[in-house]
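Across the two complexes that follow, chain A remains constant while its partner is chain B and subsequently chain C.
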Partner chain A sequence: MTATLPETAHQQTDKADKYARLIQPTRVHGSLYTDPEVFAEELERIWYRTWVYVGHESEVRRPGDYVRKNIGPQDVVMTRDRDGEVHLLLNRCAHRGNLVCDAPSGNSNSFRCPYHGWTYRNNGDLLGYPYNKGYGGKGKLALGLGRLPRVASYQGFVFGSFASDGPTLTEHLGAAAGELDRLARLSPEGEVELTAGWLKHRTRANWKLLAENETDGYHPQFVHGSIFSVTGSPIGALYSDNSTAVTRDLGGGHSENDLRPEFRRFGEPMRWFGTTEDRVPQYVARMRELHGPAAEEILVEGSPHVMIFPNLFIAEIQLFVIQPLAAGECVQHATAIQLKGAPELNRRMVSQCVGSAGPAGMLLADDTEMYERNQRGVALREPEWVDIRRGVDRERTDDNGFRIGTATDETGMRGFWSHYRNLMEA
Partner chain B sequence: MTAPATTDDTALDLRQVEQFLYREARYADEHDYDAWEALWTDDALYWVPAGAPDGDPVQQMSVISDNRSRIATRLGQLRTGKRYAQSPPSHLRRIVSNVEILDDDDAAGPGRVPGDLTVGANFVLVESRERGKEIWAGRTTYRLRLVEGRLRLAYKKVVLVDHDRALPTLSFLI
Partner chain C sequence: MNGNEIVGSEFAEVAVSVDTTANGPRLRLEDRRTGRVRHLDALELEALVWLPDGHLSRLLDPSADRWREDAGS
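On to the complex of A and B.
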């Protein structure tokens, strides 16, 4: 954990003023994407404080499994100890700071630092150090690997927080938890698995451009018009001016494109997946057997399209994790969602995700081109502001009290920024 | 400079193979999508693995894993001129070298047909875009087939030296 000096009241007011100036209800300042000082403050106030998505339990299924992950620039090892508990450890030796884990993943109950041979249990405890007389003997050092003080998971999605206290994960997720439920219930066994491996896409843009774009229903027709026209994809229509889909501010910086109104209009099972039920007969039969009449709703409504603040994006069949590295650089990690007990869907999800996501993806490479061009654009001096007013005058409140806009409105972005501002001013 | 090549009578010499690889590279460098597409057989697999270089392209994520119809989709998107990641197109030049005819069935990839010729080569490629310059390098395994007297490409696997690292956008033909 990074130590921060206590701030004087004066400094705090300055900061509050600064973000109040830069973040206004319908526009945000370009410097928020380019200023290294803003980025440094985001690390402290968002990435090293709030709940951040790190990995999935299916990536460390057995005791001893570990996998390298990250929170922004922090190198984190997610482990499962012999009692089955999941830990998030910082990959830094307590002796002189070397990296203790160099493999991307594996199975081991301990880690040995290559520099002077200190060893650690996979829960972070220091096990031993060579030539221990130099330290007065065995078991004398109250040291260990750094670890995230709070680790919690929901539907197998593991989140970590660098803050020892604060809102619980359930409080942080709020309404977004329901979206993870919706995803998990698509599995006949109620479980999501992230076992298809990862694409890592280096992006020369600020992380917030990605987070904002994830539920921007205004861009698909334009940015993705090329691929929609070649494949005859019906996705474009979901984000047209006539679409009945809505953009929802879920609170807590989370937002979604709720496409269910469109899918309900058609009422066709598996349309959300771009197929028909006869193409995936075993899956559909198993879901009907399991859920009875309730299966129809699940099969028609499909998977969520949700951005969970600050870094987890689920787009129906694929999942993205945003890793910020600097004001102008981040990495997008992408994988195909796999549903336990649904082999018919899983192969197709890998194939579709490979086609659309990652550095060569027929969708995401174009999104990424936009992020990178945007990053260059917001660095220009005028007109200084990025506009986020689209749909502000036609926003409504839905039955559950959430703000919603049409499929192409910037409701999600406004929700993102209001939460961002709260965190940055706190 | 000749090498015995195939198991059947249609022996190909290394010179012909190299000429084919160079041509394929030039079509890709110059965004000659029609000429490049015409090189492929119907059972094509164009594969750029991600993570492990020998993963399973059916069950694991790849950077690219295109069968013949997806190659057509990819090129179709490029031809619209609105594939923004490649519009304006990258300036590209690549060197293909260390060309070897391989007798290695393991390298041949799935779906090898008797008579197919497996060839390995290394490459270095410079991509220049407004965003900046990228150096790409790696090992390519090709599977070539003589169809009606002309060489065609049935399989192209590109293992980038950066295969397990974060990659920038790769929207041209590699």
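On to the complex of A and C.
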């Protein structure tokens, strides 16, 4: 990890004051999106401390499999060793710091650095180095690849933390874990697979604009009007004033657009998927066989629309990972969700994902246009603040104690910022 | 000779085939980066299958055989 000077008590209070000033209950300061110093502090206090989503176990199915991943600007290699254990390694040679792996993915039980040939096992252990007399012989160096001190997974979703202690992954996920369960149970085999390949979109915007937007139900009618009208999609109506859908602050910075009330109102299996059951007969039959009468609820309620702090966004049929690179730059990684044992759905999810997030896709491009304009807007000097008060006076607490607003309210953003502030002041 | 497939990664590339020109079949391995060739017979392959992982890791130490100060070539 980066060496930092110990902070004096004085500096700490300054920092707490700073974020208390910049983050208020119904507005946040524009500089939070543009200030490089804020970004540097976010790396230390959020990205290099809390649990961050890295990859999915299905991406390294076999022993020896590896994929290149990242946590912010950090280049991470996710591997599976011979015993089946998943590791998150930093892609940095212990000799002179060269990148060890170059390919986006592959199968190799060991990695050889291209610079001077130091060789590592895929759990990070140093296996050896050429011409070892220069080091006094074999096994003389207590070195290895950097490793994330904590790795844990939930429903196959692998998270890493650069902090050796702190809340567990289960504590970090809190209520958001239930959304991953809801996604996994849509598979007749109870497993999500992220095997459809990845699209990457470099975006000139601060990562928080994306995280906030993922559960912003206020924008779809405007930003996505064209795709809704072209496809005759009923999605637009889910995000209107008449919608019974809710925006929920799940705590821990996580939030969701819970569309289930709308889908229950119609009670039609697969409506959430924009189709009818006769179009996916094998899937529906398999789910009914597996779950009996309970299948109806699953088939009606469908998939979650949830933003898991700080970087994992599940949007029903596709998934996005947000990778921040600088105050004004990030990469959006997108893939179609695949459900094990559901080929009828999987094919459609791939084509829907390409249609929305592919190079000629119509959904992500619209959002990204807003992100980049927004980034330029928040850099202007006046009026300084970004307003997040929408629906604050009509917020309620649901039966489980979560704050909820209507489908178009900014409840999720307020939850995001209150968690963000806690982390930044810590 | 039977087939000629490449087992390759970003770290190494080896062409693999079964050589039938001898009195019995042998696996022919060619390191594509140097052209060096090795044949392995059935008994040698069986020994590899039974090699404990630790053994194999030791062979992967670059100084174990190939890159040594005292190596012949």
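Side notes on the structure shown:
Note that the second predicted complex is superposed on the first by the 424 of 426 C-alpha atoms of A that agree within 3 Å, B and C clash if a C-alpha of one lies under 4 Å from a C-alpha of the other, contacts with A are read in each partner's own complex, and residues count from 1 in each chain.
Everything below uses one rule, namely that a residue touches a chain if its C-beta (ideal position, glycine included) is under 8 Å from a C-beta of that chain, and two chains touch if they have at least 3 such contacts.
Bear in mind that the values here come from a model prediction, so they are computed numbers and not experimental data.
Using the contact criterion defined above for the overlaid structures, shared-chain residue A:199 touches chain B, although it does not reach chain C.
Of the two partner chains, chain B is the only one touched by A:369; chain C is not. Touch criterion met: A:358 reaches chain B, while chain C stays clear of it.
Of the two partner chains, chain C is the only one that A:102 touches; chain B does not reach it. In the superposition on chain A, A:389 makes contact with neither chain B nor chain C.
In the superposition on chain A, contact is made by A:112 with chain C only, not with chain B. Shared-chain residue A:18: touches no atom of chain B or chain C. On chain A, the patch touched by chain B and the patch touched by chain C do not overlap at any residue. Taken in their complex, chain A has these residues touching chain B: 104, 196-204, 223, 225-227, 229-231, 331, 334-336, 346-347, 350-351, 353-355, 358-360, 362, 365-366, 368-370, 372.
Those residues of chain B whose C-beta lies close enough to touch chain A in the complex are 48, 50-52, 55, 57-65, 70, 73-74, 76-77, 80-86, 131-132, 164-171.
Listing the residues of chain C that touch chain A in their complex gives 9-12, 53, 57, 60-64, 66-69. Residues 82, 101-103, 106-108, 110-112, 117-119, 121, 127-133, 138 of chain A are the ones touching chain C in the complex.
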